[in-house]
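All chains are identified by letter, namely A, B, C, D and E, in their written order; residue positions are counted from 1 within each chain.
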Amino acid sequence: MVEAPQTEEGWFALHDFRSIDWDAWRDAPERERERAIEEGKRFLRHREQVADADEGDSGLFSVLGHKADLLFVHFRPSLDDLSSIERRFEDTALAGFTERTTSYVSVTEVSGYVSDAYFEEGPEEVDAGLRRYIEGKLTPEIPDDEYVCFYPMSKRRGEEYNWYDLDFEDRADLMAGHGEVGKEYAGKIKQVIASSVGFEGHEWGVTLFGSDPTDIKDIVYEMRFDPASSRYGEFGEFYIGRRFPPADLGAYLAG
Amino acid sequence: MVEAPQTEEGWFALHDFRSIDWDAWRDAPERERERAIEEGKRFLRHREQVADADEGDSGLFSVLGHKADLLFVHFRPSLDDLSSIERRFEDTALAGFTERTTSYVSVTEVSGYVSDAYFEEGPEEVDAGLRRYIEGKLTPEIPDDEYVCFYPMSKRRGEEYNWYDLDFEDRADLMAGHGEVGKEYAGKIKQVIASSVGFEGHEWGVTLFGSDPTDIKDIVYEMRFDPASSRYGEFGEFYIGRRFPPADLGAYLAG
Amino acid sequence: MVEAPQTEEGWFALHDFRSIDWDAWRDAPERERERAIEEGKRFLRHREQVADADEGDSGLFSVLGHKADLLFVHFRPSLDDLSSIERRFEDTALAGFTERTTSYVSVTEVSGYVSDAYFEEGPEEVDAGLRRYIEGKLTPEIPDDEYVCFYPMSKRRGEEYNWYDLDFEDRADLMAGHGEVGKEYAGKIKQVIASSVGFEGHEWGVTLFGSDPTDIKDIVYEMRFDPASSRYGEFGEFYIGRRFPPADLGAYLAG
Amino acid sequence: MVEAPQTEEGWFALHDFRSIDWDAWRDAPERERERAIEEGKRFLRHREQVADADEGDSGLFSVLGHKADLLFVHFRPSLDDLSSIERRFEDTALAGFTERTTSYVSVTEVSGYVSDAYFEEGPEEVDAGLRRYIEGKLTPEIPDDEYVCFYPMSKRRGEEYNWYDLDFEDRADLMAGHGEVGKEYAGKIKQVIASSVGFEGHEWGVTLFGSDPTDIKDIVYEMRFDPASSRYGEFGEFYIGRRFPPADLGAYLAG
Amino acid sequence: MVEAPQTEEGWFALHDFRSIDWDAWRDAPERERERAIEEGKRFLRHREQVADADEGDSGLFSVLGHKADLLFVHFRPSLDDLSSIERRFEDTALAGFTERTTSYVSVTEVSGYVSDAYFEEGPEEVDAGLRRYIEGKLTPEIPDDEYVCFYPMSKRRGEEYNWYDLDFEDRADLMAGHGEVGKEYAGKIKQVIASSVGFEGHEWGVTLFGSDPTDIKDIVYEMRFDPASSRYGEFGEFYIGRRFPPADLGAYLAG
């Protein structure tokens, strides 16, 4: 049996996709709409200030197309925090105008492919820059006013190309090449990788943030030519959207 | 034709996944909510005390994400017990606030891969520890206040990697290696394996219990590198949740 | 082109899966429930007595899990008989409390794999036991108070393992080996094989009856190791349930 | 690049599958039912007389099982005719008791596999029998009181067996062998082949008519052993039903 | 790692598929229908005149079959423009009679396969004809009164045929051959290719316009024999429809 990479986990993540029941919204009396917007804003501000937990981050995004209208992204220290957030939202009048189209549960993760030393010799033995990099991966901040792309992925276990049959070194090399592509987009694209092994059918949830949606297209396209993806990547559905402040919820719903 | 393993069966299992109709819940008068909570609690306490059958176990779990809100796990001596439980629940006011999103029917099973002697020479011929181990597998207890992971799986019948074409010995070796990974998590993860051959599209339902959800992620991830999984495992959807006592049902629904 | 087997057809089969609208049932006034039960019982007794056609058989089963609550199995001499039964049921008050989750249309079939002589030389040329065996396959009776398992299947047309590319003799050998496994379960499991080629996406519907659900699991599991299944079988969803008399419909619905 | 066959197109086809909302039908007042039947009959008679276009044909079929209750088949000279028919039906009271479960858009087609000369030298250069055969394929009549089978299909583009990688001659040979099987059923089965390339996910819609449903099963089964199907065919869902005259609509709905 | 092609992006595209709730439409009072038509027309004229953004184009199409009734195609300079259009439409009374069945988000794209010089030496270094060709691809106009075909596609990453494993030159050769087929249809078919990498599960959305739907069938069929498609193309669902002016919306809905 080949060796599994060591991993360290950070915050748990909930990606909560909602579509708006526009027929109900169109027909609702002004007073009900106002209440929904108010309760939605209060819920969201509370989450964005992380008033419900010791630490974490939350953000609201509009989503293009029929797959969803809204995406709530929540990072929190525990699954229990996320479970509570789910149910708190259902308690708002805004929830009554939405339907959950899909969701994704995962936990941010750094693995031995990133740095052997960090895991073998301990965090103190690696330089401060790498430590900060890893900490940033485990406790990610959601950038303001940026486009978001989310997709689930797994590693292929084909009869010829089987990721889980490769030696650790081969996998580490492939991941290093993959990382090189990512580095070209430093400053343009921020990436959050979270494991969903044991939580979802796919193995990881990937969230990309960037101020230009063509950068998002470009990084995903370029990485697709990288053997770690071209031979070993299996992708689920993709979602594209843009962050907006809770204060703009009313304007968003007004069309 | 290669040899099928011998098997011994224990309790039948029903995994019953329900989503809550939050819109109906939000709009329901207090009195109706209270009645739903009361009837739900009574139903659940009755099941947890196994007042409906000679033996077995039942537990209630909250589930993360859109796939379900609640999971009821029931182990009982017969399929008829489970059929009756399904219908009894539908008779409660709580059921009216839920929708069944999916379910899983299976029977706990120990097979010849675990111990040839147990099957060939009889249970009396193996040591008491192994007998107790097997009995524990066939009549599993649901641990308190633990996270739960459930997923269905099958063995691959690919054109190159075909589990059902392997000799018994090769399969037994692969299962033994698989078991070694499991042993590393002894004390952290409790595993219930139940066959759904003839009952469901997938061949087994796997239920993992653990007090730390990252242990669940770790064991599933590590096992994925084991050839029994990497070459021969086919997995369905994964579900993650946490047990809670029926007494907390009202608090759960309050958000 | 390799040779297709000769076939003889018997009764057409309809497997009609229904889920119960438990919310509507819970809320319905007693009078409406009673009427639904009465009309359901009358419909079912009529079918079980085959009062609607020259010959055939019908049976009612409870089904475990979310895939369905009830399964009606009807065997009749013509597709028109089955079409009429479908619509007659929709005319009952019971139908109003059910939703059709799926169904399966097929025709019982015996093929040249069973006996070359029967097809080449004629039914009179084979011994009476074989004739009776074949007749039993074409006009199957539904046993009382037994568990039922239903699943659709097809033969694989993979790039390496392609059933439809094999010589008749190779297929006949594989089917004979498959039959050997079946014979081990004689007296325990009764099997109805019906072709759905031209009627459904899958090629056959298999219905197993047995008084012990672990026998059902065992035969399906053991057959999976047989090359006719392990290399050439493609399976759809599986359903498990138990027959009950129409007279018990009220008790069933009461939970 | 290998050569695509030449093609000639005839009528466009719409297969319109509808399920009946039996709950609404059961509960509707007699007057509404009568109006629905009347408007349905008028719509259907009008279509069967092709009063809406220069030429074509239309037919109504009952369908077995949960996939649909009714199938309307329309052949017309243009897509616009079919679009208009769709919307005209929605204007009837009958439409209010139906739900569209699926549909299929295609255009009847004859290709160079049938006759090189027809395409290379022109229709006048082939004998009158072949010309009539081709014309019959392009402007098909729907036979009275016959069973119908419909299914979509595509040609496989597998890594080993790739239809679109074969030389024209190899494809023509395979199609000729396929045609031989079809000829055995002359007089029993009438076949309409219509291309849906560019219109639907599958590449062709196949409609079979026959007075005995076991002939339908037999031809589909026998063809599955033909290499054009066994190695290169990919099939979608299958539907089975029977034609009935619009005048019997009331009787059909009465059960 | 092989080289990804360079790309230039133009307008973003939204394909918005809607089905009409014909039951609600049939039952709506005349006044409500008129209002829906009026608001729909106003919305559409506004979009077709691109009164909502600096530049772009919009068009309305009827769609055949159950997959949708209407298709709105919008090209705009930014994703934000498209998000706003989505929500503006939901604000019309017409939206209340429609349901979104699917949608597609993409961005028009020209890549290095078309012209190395354009990307390596700059737009000024290529001749004016090529510059105009590329500009036309990036800012496409929607032709009047034409049939439309839409489908999503991806390049195969099979174990044997893996597009993303090919050298740039091999891919460029395959794309050039593909382009040759397209040129045969110059004047008959207009093609819009837009990347959905990072936005959708499939990698490109293809929109074809033509005045004869059999030309659409022919180009898709002929291209399927081209190795770029036959070995490397993976296709999603296909949709076929026809453009009509907003002024005809009332006539369209009248059947």
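Quick notes on this one:
Assume contacts are C-beta pairs under 8 Å (C-beta built on N, C-alpha and C of every residue); 3 or more make two chains touch, one makes a residue touch a chain.
Since this is a predicted model, take the numbers as computed values, not measurements.
If you take chain D and chain E together, no chain is in touch with both.
Following the contact convention of this document, B is the list of chains adjacent to both chain A and chain C. Between the Cα centres of chain C and chain D there is a gap of 29 Å. For the pair chain A and chain D, the distance between C-alpha centroids works out to 46 Å. Multi-chain contact residues of chain B, defined as those touching 2 or more other chains: 159. Read around the assembly ring beginning with chain D and moving next to chain E, the chains appear as D, E, A, B, C.
For chain E in complex with chain D, the touching residues are 20, 22-23, 25-27, 62, 64-67, 147, 149, 151, 158-161, 177, 181, 208, 213-214, 216-222, 224-227, 229-231, 233, 235-238, 240, 242, 252-255. Against chain A, the residues of chain E that register as touching in their complex are 1-4, 7, 9, 12, 14, 16-17, 79-80, 82-84, 86-88, 90-91, 93, 95-96, 100-105, 107, 157, 159, 162, 164-165, 195-201.
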